[in-house]
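Dropping the structures in below, format is structure tokens.
Here chain A shows up in two complexes: once beside chain B, once beside chain C.
Then we have the complex of A and B:
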């Protein structure tokens, strides 16, 4: 823990935060509607598509984008690469909100949310359920993330005794912080295994759990690159690019391995023809993979890695690819029995956008309220 | 009034306790081998077929057990003997238990042991002996053209034979479509002028059990009912017992849900035919034919054994206006509800697709993200250019 992190000495209320707050307020309005009049009044989800954007974007994609904490914990603490430590706190902060709000968003989508507490009653737990595994694991991981992040908060308030206690036992929490995402990120893929022939062969494979967890990991690193670049550019802070470009090899390698495995498996099982039929599914498949290939090439080529702009674009491409992979496997590549259609309604979309806005808003508030960023110099007027 | 009815026999008082306390495994008649239990079971089954109470079953058993078995005279006309053949293949009871235990089949043109004058003399003797008490059963049509010469037994025309036998009959039953209304030989151009029994003796009540062949149990049930209650069961305007001919085949057909859902077989052996869809479009006459075929089936081999059940459209054998008149594959006149011209789409689109508002929200969000990214990239580009050397 050689480095020190600082609070970002900027105004908390800015035009950006006001706009974000307004979006959040709109989402809150629709969430109230949902609780007053039910899911049908607000969403377009139906018996054919019981999982809409609230599940797919807020939870499946949201937690994958929140894998920065997972990825950095694995790199820094498991592979013992201490030089990346300055990136851990912002990564954890992003993960914290990605997961907390994802877990929170589940409550909007649960039809009988008042029964949700039964999940944590062991005598009701169905241990054969992938959903239970995801639910319990995500709940536990949210707790782990808050503990992982707690030294930052304790440091801010100067509670050094408690902070020392937490840091002494942190290795246990960190181990869990690597184990739990491995479990539920792969389970988000396992959840699709029950779809069987409802899911296009372009996505359906027994290797879904592996593809899910490895792409989540790649997205975890990509979000760190993305977030560090956006923050340093937006607030004119010193660039962390030299650190990021070193890490880029790992991301590029993961992306390339993911692609090779995906194509290899698809060809080996003889379903590659589905990628050539030219329908929406095939087009989405190619968009996903070309974005991933772009990210892999840019991050593996030294010149691409060195360019801040190129590596930022590569990170964005990777995040888009991973998000589309999830969107496609849960919605686009999925054909329910019966002629069902689904596209999110405006209120449904506004809630999802509101959740994302709240994540960004809380991130912006936290980097100003707590010592998160290593490159934020202590401002003279805010000593 | 009530006392008169009681004496008439139709509501004869029976001490049920006394009847049920008898030894059920004792043979009802010496040398026949039918136990009282078997007889009771048979009569209870008959009563159930006709929608009567169990008490009626007991009454039937009582009637069947009576010392004097009711005599039956059975005449054949223009026909294939399919009705008798069908009756020979009934198993509850078998024909032999019917004719040996329940009734006394004193004369039957094709089943009698004697032949020639011997048989005819016996018939006349029995008709004389049981005058006013025997049941006359007619099977087959009756030719009327050329003085009825196209069907003769013992030198007498069928018209004469029917009139002669009907004279002293307590009840007259026509079995089969030929005896009921002329059957296949009465089909256009009807060269022999074939008619049903009722048309030969228009002033008498004739119970008709049409069908080609009819279900033997409809006949047996009617006979037992007549023997038990001394009267004919409730008839419709065509003279058919309502218990068997009161409902359209269409109403009880196991394929009816397919009709209502618009799933039809269009050709023999096509997908719908193999799936067991409705046979209406193959010409099934179930929608205009009154019979209980789907409910009781044929051949005593279990459910679904009747023409429609095994994949052939009903041809309306019990209906004068349908069988041998309408082409087998022409559409039936639906007497209940005609199928609608358009059915709900089985692949109806469900759920809600993209609305313009939702498209605008998604487009807006993507636009904002792309815009913000582009601004960021352009800022970065300037620095990349200036700091390029340092970074590489």
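Then we have the complex of A and C:
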């Protein structure tokens, strides 16, 4: 069952990486502005909307998009589906940057960042706060991800002694790598439970933690499909589609189950009427669900998952659906007290886009610097 | 007594809407919620009687000076207001207390819903079971066990603004124009209380519309006002209930038969009476429970003694150890 991963033998500096670096530089400029002139100078957050895209996109959505590592670890190491092992390393790499940069984004969003260390002082900790669970758990998971990835780095530099030591204990780290995301991805849903009547019943339910963690898992598989397809297409590598299409039933099943549960619970609690009123909230609710339904159908129908193109589109739809679900439950479905409105400012969005660009940039650099991709055999083109 | 009032409130249109919103969480929610917190026996609070308020804003000014807050001039008014007149329009990082006005039609008649106007005072309601305390990761929001006053400690605060997001009444504010900003909220003039004084806003109120005192006594006063025949003469205490300040006499206003803060968000220590519906005054329909109970209930059910995570981890370690053996997948195995 052992297989090998390779470095991608391509130039590191390309037009793509240069564009990405420029976007990152623009983001850095605005982050400096934020430190000099305050959050209000860069973002549109206001008394009614204290959280904008830096929280909701960079952290809530960003970490869900980083759930590839979680999803693959669950499949390969818990459900023992070794055949998917070639997908683990790239998934891990995506997770590594999704989470690390999400954690990093917290630092420029925190209004009193110079006191951020108060979060880890036990005598200040409020164990009732959902945010404590999220913060500590995400920090721990970032560490776990780096340890999970470390053999790849150690392998590259030939430090086999240290690598063997890390690998001997890796099963504990891998177990944590499944447990911790289950905890904090569900807590990202629990964080909304305190909102009560400020959140539309289309999103507000005591089952928020379950809906959050299951959709994060589905997004984890979808990002693996997305990333593997984009990488093999853009670098002209052998396709991993046969493997991906086998996994598609898992993803499609998860997406379908999520939808059934969401609708069932909404109807059972008698709030389905909110979906029929035709306001922005209802429209967003339907967009989320139609995207999810599209993904479920394509991935569950044999002809759909056999097609490279269709399953790629399904993965994109699923990622959009999961991201919108998060955006809506944190921002669109929420009614502030008072007549406040929020739409991100351009500088604010540039920072968010910059964070994503940095993730892609680091991913591209790492697959060229370290043995990550299983299909990047040196003789790949002739294969 | 409390029960009667509750049933009575259920009939009122406003509380009816709030009640429906609470029910919408479904039966499972009730099952996991932690029990409600009780108000401290000697809790102090405030009665704001919109029908007595004349909109003079003496309380806004007194609040600013008592708490060292700067004047606020919205950019829309800056052209004619050259830093001489505090004109904050809502709570903000510079304003802990604000008087707003409700207007309808010709706005001729005070405390009338149609063609009328009414005032409302906005600041922290000092919840019995505050969401801001529940959400704060670093315990920067605290409730005094004796008085029930909810205070904020900026030396702990990390500026995450979860309290701003989570407060059902939209109270805490973070000044985003300041690179070293902090959370601002009414702390019930806690520094004055410690000196044996009363909150600045109640101290200066000329009509007793803002009245300070023990919550139990204030609720008694509320009941008396609601029971009195509109139009008859009534003696309204000023400043602090039961103090020897000269009271203020006037006819009993036509109150809406409801009390804002009695059950809202699990009850608050600041309570409101008004001649127009509370929703018209912009006071949100928040339901009768503190949703901190739901968030904490779910969290503490899942993480009780960390039992579930520990069992989960043990199971996962076992499975992963069994399954991971043959999957290291590295170059030197090739």
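Criterion: the second predicted complex is superposed on the first by the 377 of 383 C-alpha atoms of A that agree within 3 Å, B and C clash if a C-alpha of one lies under 4 Å from a C-alpha of the other, contacts with A are read in each partner's own complex, and residues count from 1 in each chain.
The criterion applied here is as follows: a residue touches a chain if its C-beta (ideal position, glycine included) is under 8 Å from a C-beta of that chain, and two chains touch if they have at least 3 such contacts.
Just so you know, these numbers come straight off a predicted model, no measurement behind them.
Looking at the superposed three-chain arrangement on chain A, would you call chain B and chain C a clash or a fit?
Aligned on chain A, chain C clashes with chain B.
More chain A residues touched by chain B or by chain C?
The larger set of chain A residues in touch belongs to C.
Touch test for A:308: chain B only (first), chain C only (second), both, or neither?
first
With both complexes superposed on chain A, which partner does A:221 reach: first (chain B), second (chain C), both or neither?
Neither partner.
Looking at A:294, would you say it contacts chain B, chain C, both, or neither? Reply first, second, both or neither.
Touch status of A:294: no partner.
Going by the contact rule set out at the top, does A:346 touch chain B (first), chain C (second), both, or neither?
Touch status of A:346: first partner only.
Does chain B (first) or chain C (second) touch A:155, or do both, or does neither?
In the superposition, A:155 contacts chain C only.
For A:285 in the superposed arrangement: first (chain B), second (chain C), both or neither?
neither
Check whether A:97 is in contact with chain B, with chain C, with both or with neither, and answer first, second, both or neither.
Neither partner.
So, does A:230 touch the first partner chain B, the second partner chain C, both, or neither?
first
Does chain B (first) or chain C (second) touch A:126, or do both, or does neither?
So A:126 only meets chain C here.
Let me check the overlay on chain A: which residues of chain A are in contact with chain B and also with chain C?
Residues 46-48, 338 of chain A touch both chain B and chain C.
Which residues, counting only chain A, touch chain B once they are in their complex?
Within the complex, chain A touches chain B at residues 44, 46-49, 229-230, 233-234, 241-242, 303, 306-309, 312-313, 316, 338-346, 348-350, 353.
Provide the residue numbers of chain A that touch chain C in the complex, in ascending order.
Answer in residue numbers: 1-6, 34-41, 43, 45-48, 50-51, 76-78, 80, 82, 85-86, 88-89, 109-113, 115-116, 118-119, 121, 124-126, 128-133, 135, 151-152, 155, 160, 167, 170-172, 174-176, 178-179, 182-183, 186-187, 190-191, 193-198, 201, 204-207, 209, 265, 268-271, 336-338, 371, 374.
Can you tell me which positions in chain C touch chain A when the two form their complex?
That would be residues 18, 21-22, 24-26, 28-29, 32, 90-92, 131, 133-139, 154-162, 164-170, 173-183, 265, 282, 284-287, 289, 291-292, 294-296, 298-300, 302-303, 309, 312-313, 316-317, 319-324, 326-334 of chain C.
Quick check on the complex: what are the chain B residues that touch chain A?
Spelled out, the residues of chain B in touch with chain A are 347-355, 357-358, 361-362, 365, 373, 376-377, 379-381, 383-384, 391-392.
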